[in-house]
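The letters A, B, C and D name the chains in turn, as written, and every chain counts its residues from 1.
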Amino acid sequence: MIEGITVYDVLAVSTIIFFIGIFGFVTRKNLISLLISTELMLNAVALNFVIFNKFLYPGQIQGYVFSLFLIAVAAAEVALAIAIIISLYRMDNSVDADDMDTLKG
Amino acid sequence: MGDFTYTIWIFILPIAAFLITGLFGSKMPAKVSGWIGTASITVALMLALRTAYQYFIQVGFVEGHRPTVFAYKEVWMNFTETLTFDMGILIDPISVMMLVVVTFISFMVHVYSIGYMKGDKGYYRFFAFLSLFSVSMLGLVVATNIFQMYFFWELVGVSSYLLIGFYYDKPSAVAAAKKAFIVTRFADLGFLIGILLLSYHAGTFDFMTLVSEDGPLLAQSAPPVFMGLSIFGVALSLIFIGGAGKSAMFPLHIWLPDAMEGPTPVSALIHAATMVVAGVYLVARLFPAYHGVDGGVVLNLVAWTGAISSLFAAIIAMTQDDIKRVLAFSTMSQIGYMMLSLGVSGMEGHHGLGYMASMFHLFTHAMFKALLFLGAGSVIHAVHSNLMSDMGGLHKHMKITSWTFLIACLAISGIPIFSGFFSKDEILVAAFEHNKVLWAIEYIVAGITAFYMFRIYFGIFWGKRREYHHTPHESPMVMAIPLMILAALTMVVGWAIPFGNYVMPDRMAYHGHIEWSLAIPSVAIGALGIFVAYIFYFKETSLPEKVSSAFGQSYGWAKDKFYFDEIYQFFAHKMMFAGVAAPIAWFDRHVVDGFMNGVGWMTETFSYLLEGWQSGKVRQYGFSFVAGLLVILFAVLYLNGFIDFKG
Amino acid sequence: MDILSLLVVIPVITVLVLFFINDNQMVRIISALGIGIETILTLFIAKGFMAERAAGNSSEFLFTRDTVWFESLNIHYFVGIDGIALAMLLLTAIVLLAGIFISWNIEDLTKEFYVSLIILGTGVFGFFISLDLFTMFLFYEVAVIPMYLLIGIWGTGPKEYAAMKLTLMLMGASAVLLVSILGIYYYSGMTFNMQEIAQMEMPIHAQRFFFPLAFVGFGVLGALFPFHTWSPDGHASAPTAVSMLHAGVLMKLGTYGAFRVAMYLMPQAANEYSTFFMGLAAIGVIYGAFGAIRQTDLKYINAYSSVSHLGLIFFGMMALNKTAYTGAVLQMISHGLMTAVFFALIGMLYGRTHTRDVRKMGGLLKILPFIAVVYVIIGMASLGLPGLSGFVAEMNIFVGAFQNPDFIHRVFSVLAVSAIVVTAVYILRVVGMMLMGPVKNEAFYKLPKAVWYERVGALLVLLPVIAIGLAPMWLTTLIQESLGHIVEHLAAYGH
Amino acid sequence: MNNYLLMRDEFVLLGIILLLLVAEIMLIGKNRKAVVGIATGLFIVHTLVGFLPLAEGTMFGGSFRTNHLLHNMKSIMNVGVVILLLQTWTWAREEWSHKGRVTEFYFLIFSTLLGMYYMISSGDFLMFFLGLELASLPVAGLVAYDLMKMRSAEAGVKFILMAGVSSAVSLFGISMIYGISGSLYFSEIAQNFHLSGLGALGLLFFMSGLAFKISLVPFHFWTPDVYEGAPVPVTSYLSVISKAAAVFALAIVLFLIGREFVSVWKPAIYWMAVLTMTVGNLFALRQKNMKRFLAFSSVAQAGFILLGILSYDQMGMTSVVYFSAIYIFSNLATFGVVQVISLKTGREQMDDYNGLYRTNPKLALVMLLGLFSLAGIPPVAGFFGKFFLFMAAAAHGYYWLVIIGVINVTISLYYYLLVVRAMFLRKSDTPIESFQAEIPVKIGLALAVVGILFLGLYSPFYDFILNLTTNI
């Protein structure tokens, strides 16, 4: 590893990415950008696993294996989400998150 | 001591009569229920007379005083192991005397009613209630303990309610019945609380233990608890209030004039002879206790209530136009006499004169007052109106009623050889020896009594001849005979029965003699009263109007019974109804109910408040998700002490 | 299958049979039959109980039977009755049978009506025979829930509001009760068996916390003072048989429960709270009586009078001595019978005159003699006329209450006793306005006389009232025997 | 060394899924209506097979573990799904006749069920994560099943996005736990996962993922919209099976790794229970749409389940499993009726149910029993379930929580009675006309009613669960 860079610095990066994802989910209007923010969060977490495995427990590979699975699942999820958003778009031809509030109360 | 078990039949017969006429009366022809009622009371009368004969004559004196015999005594219900509520028959001088009086007067009224009530639609119902009343009165009289007395006391109250409200389609009768029951019930509340206090402090209800020297009341001297009275004093005065209510004494008298709404025979039986004397009988029954506890201070209360009631009633009686109301107030006045006489009485020998006089007056008063009422009944029956102004000059048409009425008036005015003289005179003697002021009051009342009695006598039978659309005829024999019997008795009883020999507080024999020094003035004032009435009313004169206007406003007050009805009306309706019941109903509807509905309403509004939270926007869900999680996280961290907000 | 459980099984079988019957008349006959058998069985049990007691078997509960239900949680189906429970069973049987006769003319959804009524009866029977807190609580809720349907579907006036309010308040009370049962369970060594709990001394702090919950939990059903608001609306809107059963029997569930569970199991707390609850009950007595004076609707009058009489029962119980207890139990029976007849009569009157407003009715004594006479007798019984059951019960309570010389107790006792006057006022006001006086409405002359099933229903409940009133000895001894154990138990910890 | 027989249930289910795929291909063109019968029949076989006893043990080095409790949890869920499939018989038939595709429905249902199996019997976070995702993603497909309806698509989007966020947050928690304890296996984590601030954060973040699926309050916002939007069978499936699985998973995982963090997650669950019960009830009061009404009712019921988890001992676990089983049956009864009615008449508002008893009494009775069981009224099973939950909570002295719970029971009784009022008390001039449901649907409803009536009174059921939970 590069000297001088401790686990906390890298961890800080991944946590920041995670909270950017959350912030994105809360503020953005467009459905696709919401999807992007969730993906951002998932990737930040994958990063976390790799960081912990690399820095704290170099001897084992559990972290890496986990992040691999995580990326695979995230992909599946995006595919499904896009499919549903498209079907929504086809019916309502708008992708704005706020006018999808017919179900409320 | 002789076997008195047959006395139970005095009760079984009227109860049987009540059940038969009550349940099957409507199915039988009307007359039959009349016969059944009269037959049962006749047999009861004979049995009562036999009891009196056997008790007073055969048993007589045992070791110098008359014994108390228990014909029956079983536990009816046990409150605790020691405190039991028993039913039984107690035979002692006053209870036997009362047995005779009640059965006799009831017999007379039964016979009279067969004539009076003929053709009335509720005929069987009347006789059923009469039997019920007789049973309850007899039960009250022979009670062995105070709770049994209360048991029958309430039954007497209810039967009087039923009888007063007999003509139930007349709203005034219904109101009168309700008023009678509620006022007496209010007084019974005092009676009941008195009993309950006794139940704890004296530990027993039995009369014999209550009045015995070594009993709980008289043996130890209890500390003063309330207004100088010991707990027993308080209990006894509360019990007296119960008696005063039933005997229509001063503050609780308002129901008696209205009770005249009932049929006249009912007034004769209940509001002349039996029910109204229940209070006097109660005080007589507990007389040793009243005399012993707190040095007899409660007796002063009894005496003064009697005095005030008699004066108050006598004044009002002078002004009334309805003859039955005059007789009602006269009854109240005479009972005031009896209460006073009990109040001034002592225990031993001559001092017991008041007690004996009161009982004797009760005995004689029952006779002549019943006669007066029945006489008034036959007059009303003939003239179909209660008001004296509609009557006059009836002497020619109704000879028997007129003469019997005259005899009764003479008796009540205390004219010698008539029974009233003997009993009232002894009361005046007892009062004179005890308290001059009381004697003076009673002396004046004696005069007023004579005046108002002869006022209605002359008003009904003499005075101006009125033209009657159909000439009034003498009442049929079945109504006239009781009048004659009662009249005969009123003349004979006074001197024939040496009452002192039979009824005394210490149950020893006492041979009183007429105290002429007091008798003459009382006869004089009686005669004066009669004379004034003669002037006023024998011939049609304007003298009564002039005198009453002379009295001016006070006459009006007396005529309206000193507005006591209105005061009670105000107290009952305004205070109790509007003053207490309405706020409670409002409180219940709004505050208590309001609180329950409020809880429901609050949850409803709270849920509408939260509606916005479920906005349907995914972004807001995401925000709530994360924000919620962070709040929980910080709370948990703070709880576990990982972080504190003190910076 | 022991006799007592039969009491629960027979109604259940009746309900199951009813499911397969559709003809209304057949439904009525079957339910009358079922409950008739039930009444006979209750009488048979009573006879057996008396014989057992006569034979000297003085154990606290008879016909006891204990089968394990949830073994790990120590929950047993434990049944048994003592004198009081037996008296309550008799009351329930009579009132239920009378109710079935009175509601003979229900046409709309008759089968559902009788099914719900009998389920309610099952719950009540089960409650009185069970000695295990869990089974008692289960039967208690089974008895409350059918009320919603009974009032909601066949009721009158604001029936939906009244049904919902009644059910919610009673279920809320049972919820509070659940908490106290759990508390009792855990603080007395994990057992629901009442006899064991009574022997076990619960820690005093637990008792102080759970006693009010249990007492109020049951008190709400017994219309204890501040929690009585469901009773006027509920009864006014309920159909006759339902208000008969509810006021007559279900409210006794409340008082019996408060007595059996709250006071018997937590004596120290019962003693500590006794003055407070006695005051509450005394206020309730006066409050109910005054409330009744203002009302013009017959059912409201009777509902408020029930609040007053129930207050008297709580008052009697909280006086904590044997006489007052006997009085309270007697009052439960006598009030049960009286209210049942009252509501039956109101039902009959309403069926004919289609109004319950006292001011509109008048002079009915001439037109409907049977109903009027029974009404007067029951009116007299409820104001405590000697010779009827009301007097016997009230006198026991008042004498019992006066056994405690403490000043506050005396004030409350005088307050409660003074209610006899107020009761007389509103009873006579109704009798005067409704039965006596001139006939206000000409149409009333043509009203039909009482029909056979109405007479049977009314007399069925009227005769016991007179019987208890005239000869109370047999009932008081029965009750006092079973009270002996409880009062000693209470006195041991009491003042 | 890996005894593959341990994964018997999973393999049988996987077999059914593959068979369905093959059947899909084989039956193109021919009448694929038979698929409905085949799928249901196959699943019934699977359930029966599932009842056979299974040995206890672990596989893949502890990453998959099964014992009697887990095994029986799965068979409880199987029974739930069987009843559900029976009830959706007519819906599936119509789905096929209108849109010509029904196998996807069964395919998705079974795969989510498989995911739940893995989630429950997972021994490490990887298996757990895979199970969780496998249980969530196909559900999004199910929710958005009605391609024609806008609502279904909107619900689908909401679900998939929220599921994404929750799994991300949950994984963040898992990564922290991994960071501290250095291993993903629960057994190893249990040794070196000691109370620390970051540990608390990790655990809570992880729990939020499960809280999302059980729809506890701060995380429940998706539930009403998704329940209303999705087709009724899916709603029923979600509220019954997926919630039960998530509850089981939460209970088991907390047992395995939550030992030392008791002072962290107990207060969290305590306040979440209070919030869930209260907010669930408050929202349910106002609902007019039946599906939304039952959604909030299920949210409130989840609050009661937490009482059991809170007591964190054998009795607590038993009461949770017992209550969940009874909850499944009561919900299937109510949802079954809603499903049949909305399918036949398309009416889902509460006022449409006015006078239901007069037109079709049997349906109304089933609904009545289901509602009474949810409300916890004796003699139906719900009463026993609720009572034992309260007993478990009271055993640990949570009297104030029991009081709040008890108040909420009363509030819940109010809105359950609103439905009873509509059905029995109210009359309406356009009631739901009386109709006869198909045989399988009737059987489904009958099974649910039998479960409600006898599970409570029949005490050996409770004892059976009790000795299951001896070793978790």
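Here is the rule we go by: contacts are C-beta pairs under 8 Å (C-beta built on N, C-alpha and C of every residue); 3 or more make two chains touch, one makes a residue touch a chain.
Quick caveat: nothing in here was measured; it's all calculated off a predicted structure.
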Discussion item. Applying the document's contact definition, name the chain pair with more C-beta pairs in contact, B-D or A-B.
Written reply: B-D
Worksheet item: How many angstrom lie between the CA centroids of chain B and chain D, rounded to a whole number?
Response: 78
Fill in: Rounded Å distance between chain A and chain B, as computed from the means of their C-alpha atoms
97
Worksheet item: How big is the gap, in whole Å, between where the Cα atoms of chain C centre and where those of chain D centre?
Response: 43
Practice prompt. Could you give the separation in Å between the centres of chain A and chain C, each centre being the mean of its C-alpha atoms?
Written response: 66
Worksheet entry | Sites on chain A at which at least two other chains make contact | 22, 25, 34, 100, 102-105
Worksheet item: Which parts of chain D, given as residue numbers and ranges, touch two or more other chains?
Response: 157-158, 161, 165, 169, 224-225, 286, 414
Worksheet item: Which residues belonging to chain C are in contact with no fewer than two other chains?
Response: 168
Item to complete: Kindly provide every pair of chains that touch.
Response: A-B, A-D, B-C, B-D, C-D
Discussion item. List the residues on chain A that touch chain D in their complex, please.
Written reply: 18, 21-22, 25, 31, 34-35, 38-39, 41-42, 44-45, 48-49, 52, 56-57, 60, 62-63, 65-66, 69-70, 73, 76-77, 80-81, 84-85, 87-88, 91-92, 100, 102-105
Worksheet item: Any idea which chain A residues touch chain B in the complex?
Response: 22, 25-28, 34, 97-98, 100-105
Item to complete: Can you check the complex and tell me which residues of chain B touch chain C?
Response: 26, 75-80, 83, 85, 147, 150-152, 154-155, 158, 161, 165, 168-169, 171, 174-175, 177-178, 181-182, 185-186, 188-189, 192-193, 196-197, 199-200, 576-577, 580-582, 584-585, 588, 592-593, 596-597, 600
Worksheet item: In the complex formed with chain A, which residues of chain B make contact?
Response: 611, 614-619, 622-623, 626
Worksheet entry | chain D-facing residues of chain B, complex | 600, 603-604, 606-608, 610-611, 613-614, 616, 618, 620-622, 624-629, 631-633, 635-637, 639-640, 642-643
